[in-house]
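Structures are listed in the sections that come next.
Below, chain A partners chain B and then partners chain C, in two separate complexes.
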Partner chain A sequence: MKPLPSTHTHPRSLKQHKKSDDATFRIALAGNPNTGKSTLFNALTGLRQHTGNWPGKTVIHAEGTYSYNGNSYTVIDLPGTYSLFSNSADEEVARDCIIYEKPDVTVVVLDATAMERNMNLALQVLEMADRVVLCINLIDEAKKKGIHINEKRLSKQLGVPVVKTSARNREGLSHLQKVIKEMAYGKINTNPYRIRYSDELEEKISAIEETVLSTFGDRLPSRWVALRLLDGDQSLIDSLQHRIELRRKEVGAHGTDEPLYPVEA
Partner chain B sequence: MSQSHIIPLTEGLPGQTIRIHHLTLEGTMRRRLLDLGFVPGSDVTVLQRSPLGDPVAFRVIHTTIALRKEESSQIYGELIGSEKNETTT
Partner chain C sequence: MGPMNPSIPSKRDGLKTLLNQAQALSDDFTRDEVIAQIHQTGKEICHESIRYNDAEKMMRSEKLDRILTSKIWGFPIMLAMLGVVFWITIAGANIPSSMLAELFSWIEGYLTLAFKAIHAPDWLHGVLVLGLYRGLGWVVSVMLPPMAIFFPVFALLENFGYLPRVAFNMDRLFKGAGGHGKQSLTMAMGFGCNAAAIMSTRIIESPRERMMAILTNNFVPCNGRWPTLILLASLFMAAGYTGGAQTLVTASVVMGMVIIGIIVTLAVSWALSKTALKGVPTHYTLELPPYRRPKFWDTILRSTLDKSLFVLKRAIIIAAPAGVITWILANIMVGDMSVLEHVVAFLDPFAKALGLDGFILMAFILGLPANEIVLPILLMGYLSTGAMLEIENLTELKQLFLDHGWTWLTALNMMLFSLLHYPCGTTLVNIYKETKSFKWTFLSFLIPTVLAIGVTFAIAQIARAMGWV
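Moving on, here comes the complex of A and B:
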């Protein structure tokens, strides 16, 4: 399996060069349950809301803001999930945010003591977005357990920056903020690891991807959408159809004839 | 390794560890179980049965997950040991 070169460019990445010095950015936090995602959210934004440990705690995503070096950042705390293949409302919320809202940076928070389990979601996000930072949290716990994580090697293999943190102790937070800023300004080139499938599958993916591109342009991660369609992901199909319909109504009402694309629900 | 010892998770006793060989589930439930860590090659330890015998708690990649017979009977693997030579975390 070889990483594929990035197959699509986001319109935002072109705009990024024009970002002014005091621009506002949107940052999404994704991650498994119990990775300290909400603790990181609170540490970044100074909010004290909803730290607790029960499933579905963060169903409707919470937003907070912080300033760093003259920029304002809106942080979206997505529900903790093991996957984004929409087995639940939580996963749909997280998925829709990443593919439709396209945050300037998506931070995947991983539990340093359970990397194997956490990589499932991380690899999914790498297939959905280009501007991704992996934040390996709970690094203090890992140290206690004698787990060493080679973040440079991980970063090289996955094609995105990897930052180690202990949100609880505010360890690594300023480094994380620095990396987020650089990525938001388009100063970090990423090459997210994307699984290469068999030739037969890749052929089908390309064929579907073409249709996806002609329907949605580069507003959606076309390769990822093609993969999900090939997998028969009914939840995504419904969500895409819903957005197409909304768009049709809007076009009908305002008489614009821009190319079809999903709009916010 | 021979495949003669492949058993469904439902036949595992508390303390035993089973290495997953394959799943016969399809669709969303298959995807869900894969996401939770029930992937071929993964080691699953049977933790305990609930009072009525169903569901059963399993430990897979450092997380405890309870499954009903409906699902666990469709996950097959090879018995690779019991608690004595396993360190529980």
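Moving on, here comes the complex of A and C:
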């Protein structure tokens, strides 16, 4: 495996002046395997791609760029996963990217012919992030099979924009790019659907969420972290500890202390 | 540098407090509730926003799945399918087997004539014709027809999309045994080849559950062991029946062996999850692909070429030298007995306690490199001890076994030993490569070996004590 390309270091500083016209936005593509996610990635970025490994993992990291209306967008193709419960290195990588790197927009790619299964991942992402776009891909196949998806209604239900595409025919791509741009500029208000659990579990979540907030501030999706901790997600606990440790060293070395939260590795 | 920032350690303490709080509140049902709620919500949302115009067509897979993976019908259908596959295999293999045997016997006559014509020495004729050729003749006639039927039928089921449903059905059992649902997939791979299945355990991410899958994979019979099971079942277990009933009994016995293998897999997994490999199983998503009409001839051709001929080639390549060595050992005399007889005599008392005999145990020991050669070595061992036996039909083969004192107990215990004993050399090498641990590799040798010896010993002792043999 090749070492990580140097370009992987994120242009964090750009975030501060993201509203300027020459800003670069970071877009993450999440989705189940076999949803045409990579086709979409290729269709968006063309040949402007490079691959390497995620830091410390044997998982392929693919990143590409495209320009739209004068802005530059960096697209991260997350590994295809069925869930984000940290079952595998793939899922850990995707999870870490969404909660720690906080992409400007997270696009969840769904297979239009298997919406029910794909919805599981979408619902999980919606619990972790606010700036989410649902991209229903393979819409041409769904049409052939007589599946009709009411995206307006879906969008209302889930509280985030829903875009239909057929990446291999380049259908719906410019619409997707437009929605991504609007969301990146904060022009779209989202209200991501959060699953309501049983009263008993909800009570526990609120209790933990308070401690999460006091420990990490609003840097992490507190409700989601609370839920994962209740579930005993050891992999998440390890990664939180790891990040706090890194932060401690960094602060020890430089003597600076910003508001505390797990830092980017 | 000034005083260390006080908020950093407090941050770590904060996490600790948080974890303690979470641990105190969490229980085993949280995960199940979360997953169930996600699935339920996804379903409801889709129900509202998605319309299926061609509902009939869309639902076909779902309808079929509702039956094939149903809690009530899933297992009976699975067993029935397996039974039908075995039945077709056994019923179909008899005639081509005896035809092949006749063919080899006919050719052998000419080979012997040819050797006489060129005045070849007797020992050469012995090594090449009576040892090598005759052994291989048996292997081909006994192994090829069942394989040529079993693999294509199995491949048809696989291409139809049934195997993921089997994994789905088995998932519940494996979770109950403390293993990972994907273990059933690696187990299904094991029906083909255990060595390949060990590599396939990589699909299980959790090291604990993966180790469990590795340690128990051997308990499903692989390519190399099917012929032994099928042959012995048809020769001995169904002896009292004729015609269709005989085939049916044979198929049931083979299926019984598979079920025993699965039960042992689950039992050993369960025991491991309570001892050396403690922990809670992780969950996963199993994608059930749509059912497809398999490309009939394509599948048959492919599986015949890829699997049947491959296995046969492997058997012949390894069995040929083994056959020669066996014959040589049988013909080098030390004192008044051949080397082979010395070895067999040495193993015999122990083997007898297991309901086997010295030849069988020797065949299993020499068969370590590949299970395919256990039967060939056994046949060559028996053939080399003077019993001149033409390859003509399967009754002759049974007579060979009977001449060496076989009973139904010998056949049953050889089948059980084959099912339960240590993995083949290739599998062990793969286990070491995957685990990088001598300890686990040794355990994966030890657990099956102890089980095989224990089970056959117990059965032999009980059967003898009860006067059944």
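Throughout what follows, the second predicted complex is superposed on the first by the 235 of 265 C-alpha atoms of A that agree within 3 Å, B and C clash if a C-alpha of one lies under 4 Å from a C-alpha of the other, contacts with A are read in each partner's own complex, and residues count from 1 in each chain.
Assume a contact is a pair of C-beta atoms (placed from the backbone, for glycine too) under 8 Å apart; a residue touches a chain by one contact, two chains touch by 3 or more.
Everything quoted here is computed from the prediction, not taken from an experiment.
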State whether chain B and chain C clash or fit side by side on chain A once the two structures are superposed.
clash
For A:87, decide between first (touching chain B), second (touching chain C), both and neither.
both
Does the superposition put A:23 against chain B (first), chain C (second), both, or neither?
neither
Give one of first, second, both or neither to describe whether A:188 is in contact with chain B, with chain C, with both, or with none.
neither
Partner touching more residues of chain A, whether chain B or chain C:
C
After lining up the shared chain so the two structures overlap, which partner does A:153 touch, if you call chain B first and chain C second: first, second, both or neither?
second
What is the contact status of A:227 with respect to chain B (first) and chain C (second): first, second, both, or neither?
second
Tell me which partner A:116 touches in the superposition: chain B (first), chain C (second), both or neither.
both
Superposition clash, chain C against chain B - the stretch among 163-171, 199-207 or 415-423 that is involved
163-171
Interface residues of chain A shared between complexes with chain B and chain C:
82-83, 85, 87, 116-117, 120
Using the touch definition up top, name the residues of chain C that touch chain A in the complex.
1-2, 4-5, 7-9, 11-12, 14-15, 17-19, 21-23, 25-26, 30-31, 33-34, 37-39, 41-43, 45-46, 48-54, 57-58, 205-206, 282-285, 287
Note: in the complex, chain A contacts chain B through residues 82-83, 85, 87, 113-114, 116-117, 120
The answer for chain A against chain C in the complex is residues 33-34, 82-83, 85, 87-89, 115-117, 119-120, 122-124, 145-151, 153-154, 157-158, 193, 195, 197-198, 201, 204, 207-208, 211-212, 214-215, 226-227, 229-232, 237, 240-241, 244-245, 247-248, 251-252, 255, 257, 260
In their shared complex, at which residues does chain B touch chain A?
28, 31-32, 35-37, 61-63
